[in-house]
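For reference, chains read A, B and C in written order, and residue numbers begin at 1 within each chain.
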């Protein structure tokens, strides 16, 4: 191109879509995390198709068969069997369903409670703020693990109970983060402009403020989902969470603990999966936060 | 001439926490303001930071209720007007175009937002209307689907003006609309505001600390000091013959780009008074080079001087 | 040139960004004498603040400075070690920032902050430093200076804080003071007072003052020499009277036309504008950077603008005169 044009800056700007793609895939942690997460989700979704055995079927003749890469292992049971002879691979697949279900539903319940409280406190301030702050401090005074243990001990452990207990206990961080994010957004002039236009309060909160505090919300949501999965595993490990014979990863670790010196894989495999899942969620959350960060806009 | 908007004895106070164990104190941000906004005029409001001009703007926009006093709009009390009805008549343009636009909406959706709130037209019709207004303020249609972050400061301020215009209001309250912009952009926005006023017959309240800009755009100027209007006059009268010593000091401190004149001496001294603890009598007396005994004890009233109004004992024949 | 306290030749600042190298400052040259005020004026993003940081060697890590010559009182600043620069900064050359609230540390009293540099650079006792601090606070017009020393920055008003900043810059008796938008955050009445103060102090103490601002009003009233920056270059340079009475570069003319002049511009009259936006400074830059926005632009503007000079007044444009 001969440089005869008067224009200095004609180089076409990349389109919005191209830039978004570049940002998305330029994020190694996001690609890695969401890839892994997607894989685990697909596995959980198609567990009935992928499973080689019934995860509940016991076969006492083939107890603690090692995975196929051991000399004694076979491809019949890819990851071996547990102490009751159940196929470990199939149990692992079904276990992913439990972990994801718990992570997601606890995140949704606590997210709705915490975000609502945080938005209200941050937007209205004053007495609403005092009330929410009081609720948060009260909630923080209760240790999650102890309260969960106590409730489960009283009403008995089952999947819905665990989800509800954790959901009603873990909204504090949502409330705190949303409150301060909302306070900041509330002070900006575009909120005043929306008020001056005559927009209703719910419309301002949901249409103007919520989209702008979404990045913070996503980060908290991922952290909380990961922490809920770990809490469920801990509760199940203590025998007060999901009850046997449901294949929860925490329960699998718990059941394997007596065999850990003889059949190491029994504890290593669900442990690794748990760590991978939590890592994937956290990586994805981190990546999303970087993408939504306002300086990128 | 008919008064479009009228403020009568408007005050606004805030409670300020001075410390955990100290008494709450009251800050009178706006302290008894009477103003009438005539149709078609540009009322400039000037003063230093903390003089209450931005609080007054928020009261006029209906964003803050006054503590006492009333605002009337076309004879109706602002209190009794619904916010949505008021929105059709008064719209804001704020100082900082970086915080006045929702970063998560596209330009077209920001401009069409007021129509959406008032449920005017179909989505396609609203978009058409938004593009029309964007064209009016000099924004090309290709910006419609961009986000505010992709625009320069001047372009963003045009978006804010477009949003204010889309409801066809009578009054636009501009709170320091050009002070966050570069001078070359500032002149573009000022030209645009003047053009729009001529084309659409708008009335502006123009708040600024830049007196050069106010002289250029305003037809009438109110000077505020510590929550009160201390002088009010037609622009030319005020700039040619300021009656209040504070106005004079403000005018003296304008730095026009003329070399060789040096930096003026305003004779104001340093101390801007603590707004939580305003001086007795005339609030300006500690800084006033012409203060005399009565100024320390008696607060002056805003008196008619024949060519405007001023709150100073020097224009009061009874002193 | 003899008598120049600071002589800058061919200063450039490049900043590495994700999109490429941003040429924030490109090959600029200027000098300041003792007792003289140089105003560097330009709009946001023109590189004026980067220039001041480059002289003080306070650039952010991503920015790289290069210069053919950077002479301060005959010494080459580019050959100084970090330690040697530290003994210069705050001592023989000082800086005043735009926002005094963020430039002062809220955790220390202003007395501590005033005295710290003086004690370090001059190896002075507390009593000596205190005496100097009181002297300077009085000098910048702060009453009851002794009591003020025990106060924290948040207890002072904006105007007072900026005065404290000025006193702090003057503590060690600097020869060069760089003030970056020192009055932009202040009210007009306070601005006039601070500028008067700077002008007086410069005269009295024989300081070379570099004042960086976007406000042509400030420039006209206080500058001896003016350098107009656009897109990282000095596009016009000369005495203040020459620049304002006889501006040669279309950008300088455009800037002056943008400002409403009481008494000269009729109220409501159209103001001058500069159409378009500042070009991107990322990547290779060819020709005159102002040609996109210039009403005089011709084909030959895509080549580098020729340097013109009449006596002390220089500019870069194809226009000899107009």
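Going forward, a contact is a pair of C-beta atoms (placed from the backbone, for glycine too) under 8 Å apart; a residue touches a chain by one contact, two chains touch by 3 or more.
Please read these numbers as outputs of a predicted model, since none were measured by experiment.
Undergrad: Quickly list, by label, the chains bordering both subunit A and subunit C.
TA: Per touch definition, common to subunit A and subunit C: B.
Undergrad: Going by the average position of its CA atoms, which chain sits the greatest distance from subunit B?
TA: The chain lying farthest from subunit B is A.
Undergrad: For the pairs A-B and B-C, output the one whose chains share more C-beta pairs in contact.
TA: By the number of C-beta pairs in contact, the winner is B-C.
Undergrad: Distance between subunit A and subunit C based on Cα centroids, please, to the nearest Å.
TA: Here subunit A and subunit C have centroids separated by 52 Å.
Undergrad: Determine the centre-to-centre distance between subunit A and subunit B, using the mean Cα coordinates as centres, and give it in whole Å.
TA: Chain centres of subunit A and subunit B, defined by C-alpha means, are spaced 49 Å apart.
Undergrad: Hey, how far is the Cα centre of subunit B from the one of subunit C, in Å?
TA: Distance between chain centres: 31 Å.
Undergrad: Using the touch definition from the top, list the residues of subunit B that touch subunit C in their complex.
TA: Answer in residue numbers: 48-49, 152, 154, 182-184, 186-188, 190-191, 194, 209-213, 215-219, 235-236, 239, 249-250, 252-266, 268, 270, 272.
Undergrad: Okay, in this complex, where on subunit A does subunit B touch?
TA: 16, 188-190, 192-200, 203, 208, 211-212, 294, 297
Undergrad: Taking the touch rule as given, give the residues of subunit B at its contact with subunit A in the complex, in rising order.
TA: It is residues 58, 61-63, 82-88, 90-92, 94-96, 99-104, 113-114, 117-118, 145-147, 149, 160, 163, 167 of subunit B that touch subunit A.
Undergrad: Please output the residues of subunit C touching subunit B within their complex, sorted ascending.
TA: Within the complex, subunit C contacts subunit B at residues 43-44, 141-143, 157-160, 187-193, 195-196, 199, 214-223, 240-241, 243-245, 254-262, 265, 267-274, 277.
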